[in-house]
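Please go over the structures that come below.
The following pair of complexes shares a single chain, chain A, combined with chain B in the former and chain C in the latter.
Then we have the complex of A and B:
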């Protein structure tokens, strides 16, 4: 019997029990959806972390002692971290032999519900355009239009066009450009030249609803670039240890600290999703096997008649396996679409709640995740229906018709 | 029975469309995001979307009741086309007509928009299901 005959029999069989097939499809969709969601979350946070660390540009970040968690939280969520230390610490760090360059940053939070700020509760980062690493790629790419004293750069997630004005603490700034997306909290920050940030603070008692207390002798963090090993540099972990030993007033953050935090924040969610999926998986496989076994048993007479009309054992085998593969394939497609759609739509909320970066994986990674999930669903369906398919294909036509009556 | 099922699905999604911006994923300054005591409630740009979605949800509930009360072929067709129109408008209002707040970390962009997109997708699926049922009805 031909492929067209097989598809005809399969389509009639699937239409005959829509509720049963829908239930099986939903089980497969749930398993596949949970697996895809967990894999997407994992891949997206890794990619976001890579991009975020690349944006940060520094090998180490020095912050006031004991406040490293606040900074990692800010970088992940975009919520402002407000702490300050003596600006003189930058000179002390820069003087060390293993340090190549340093750049100061000050952190400010825009006021909430105040007419003197265009956007409320925004994380403002004051940076030094002459020494900064964080927005250096943008500055390098736009060498022909250097930043003016009141020009700011905004993260990719702030919906404001370059050239428009934005106001903080009553001071007007011009948006000079939008930075590339990283999937981290840096996408919702505004980068202000450090001089303008100090001026804004000085003018705030007159121009703003609430004054900003930020003396020029204070900075929030010092970004540190280490010398390469060949030029007498130290590994990041050793440099961090030495810095903390020499300057007890600072804590030093390494890129690994961000990775550890992301892994810690993700662990519970990924664990729950994967465990739920692993728990439902064997039940689904068992259900598929049972349902197709029962269906083959119910259809003894039909299978006997098909065999009597010339259907081969292979045809009957393909009919049972094909039915399982169609149900599992459709369920997997629905599960993958739902997981990818919901993860994509709620990505920012997920990133904020879990405090992890989220940058949608590239096409290669996405294809690998979806392909693996689909293959796994089809394999489950195929293996679960294997026993009923073999037993149905072994039935003798006469015996099957007689016992099916 | 199938005609009534389509109507019930549209009614349920209409209720979800009304509840989403008020309760489930409220827009800025509403529900759990309402300002605390003593703080004057501000008028956020997303409040236009809140009103539009409420009207659209109410319209979907009314449209969905037609095949529930009058399970005929034409009622299913009308409910399906109506649900499809509501689904399109439910996405168009926040994205293009009334709009949302500018900053992506605001509740209306974080939760309400993706939730409305999800409900609109389900509404479109219900409309497609309705059209399939319509073709099968005599």
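Then we have the complex of A and C:
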């Protein structure tokens, strides 16, 4: 009933005070934007972390003692971690009864400003295709095709297409495949067969601008797959503890270490965003209540006239609540669009600065975040305008006209 | 059409209370044009608002088109106002955000009905053809009153309640408005009009006087 009258009166009233409505809308946009940015950042880092951990594929990772932070930093940012330990440690680890499989990795950084490298300052990971259980499963296609000696795999963020050639330290490689995206630093990493990596280092004094010092007796990390009864939870903790006790030269990283680091890195940013939005939220609600209260007061005569023409109390109530909902809805939409747009545009920068993985949440999560933010904005607007709406709708028409004169 | 039985309405309390309607008993038959005259503050506006269900009496009974207003819910009273009663106010009653045509169409729109052609015809009738898209600030006081009158006629009311419809207007505009009210009355609307201008009594089929909230035949 009388929807067209309501929409006509509402739309014209909103146009009457554009500056006031714009200000209110901006307040709502700021609050909603901060909420959505915080939620998106949280969800994106969680999703990135999930994918990153799944990609890691190992129950444990052994690195030289005291350097676990460097590896987590590299995984999050894609900046190369350069550390090495005796390769023999892999055999010792593999010999333990709770260890199912091991696979070594070596970490290299491509040269900067050198013609012998196609891409500069890239994190290169040498992996052993024969024992690998962490890299190849994440190929987007042709997982079963055997890799040639100079075939490399690249992260999803590396623009080169499979089949093209790429050069590091003067050695030519062919891109054989692209890995699934994770939102972590692994997306900008190039995976080289470990034999080719050692060869590349050996030839580098001749072929490269600067030699790469990487003897075959060294590895950077050992990826460890535990036997099923030792994997996960307490058994995995015990395995990590035992490894560190037996081999004082290594530190053992567990997936939880990545989670702790991400949570630590995110805590300050999320805290700031959420605190700011919680602080602005009640002020915005109060402002909406005051402004719509004042507007209802200013429009008492018009409300009385509308009642004289046959408008019900419900019409007046809907008119005031509707105004608040439209302003809040528009503000929320603007805030959500700005938050989503900025977060998306600066996702790489955010990931690098905060050292967190960033993988855009799925449609379901995104819809839930935006829906919740929108609902919260509308609820705030509706509740804030409730008192003015009830008060205006309860006024006697003649009283409203008399007071409004 | 209208029946008031010992209706009382006061503003304020105690000895300073102002009796705007004091034991008013009144009957208006369908098709009548009743002109109620009285000085400022005599209770003219309150009387019309009581009849239109715009305010509740302190005591007494008001029947409009067979409905006891006290027994009606807000929705029913709103419907009665929307369908059966047209108000013409003593001030410019245009909603400032709407054009003349939108103002005119509003009563029917509030009932979920809309007839733009009828709205245009009404504006033509009150001499405002061609000013359909003008806002209140673009119209003279007289033109705004005419929009108010067109709007009051939009839903085809059985009862027109006119509160000083020609106050502050020049004689020419006053005569034009009165002619429109007479035409509406001839078309079947019962008209109850208040004015402080005793010269307008001649337009009515019956004249009453109100003083200190008491209504008397002239």
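As a convention for this text, the second predicted complex is superposed on the first by the 393 of 405 C-alpha atoms of A that agree within 3 Å, B and C clash if a C-alpha of one lies under 4 Å from a C-alpha of the other, contacts with A are read in each partner's own complex, and residues count from 1 in each chain.
To be clear about the criterion, a contact is a pair of C-beta atoms (placed from the backbone, for glycine too) under 8 Å apart; a residue touches a chain by one contact, two chains touch by 3 or more.
What you see is a predicted model, and the numbers here were worked out from it, not measured in a lab.
Superposition note: with chain A as the common reference, chain B and chain C can be accommodated side by side. Contacts of A:236 after superposition on the shared chain: neither chain B nor chain C is touched. Contacts of A:341 after superposition on the shared chain: chain B is touched, whereas chain C is not. By the touch criterion stated above, A:160 is placed in contact with chain B alone, chain C being left untouched. After overlaying the two complexes on the shared chain, residue contacts for A:313 are found with chain C alone; chain B is out of touch. Between the C-alpha centres of chain B and chain C, as viewed from that of chain A, the superposed structures give an angle of 70°, to the nearest 10. With both complexes placed on chain A, chain A has more residues touched by C than by the other of chain B and chain C.
Of the two partner chains placed by the overlay, only chain B lies in contact with A:188; chain C stays clear of it.
In the superposition on chain A, A:349 makes contact with chain B only, not with chain C. Touch criterion met: A:122 reaches chain B, while chain C stays clear of it.
Smallest inter-chain Cα distance, chain B versus chain C, after superposition on the shared chain: 15 Å. Across the interface of their complex, chain A is touched by residues 46, 49, 52, 54-56, 74-75, 78-79, 81-83, 87, 89, 91, 93, 95-98, 102, 106-107, 109-112, 114, 151, 155 of chain C. The residues of chain A lying in touch with chain B in their complex are 78, 113, 119-122, 157-160, 187-188, 341-342, 345-346, 348-349, 352.
The touching residues of chain B, counted against chain A in their complex, run 35, 39, 42, 102-105, 109-111, 113-114, 117-118, 121.
Residue ranges on chain A touching chain C, taken from their complex, read 1-5, 8-9, 12-13, 15-16, 302, 304-315, 396-399, 401, 405.
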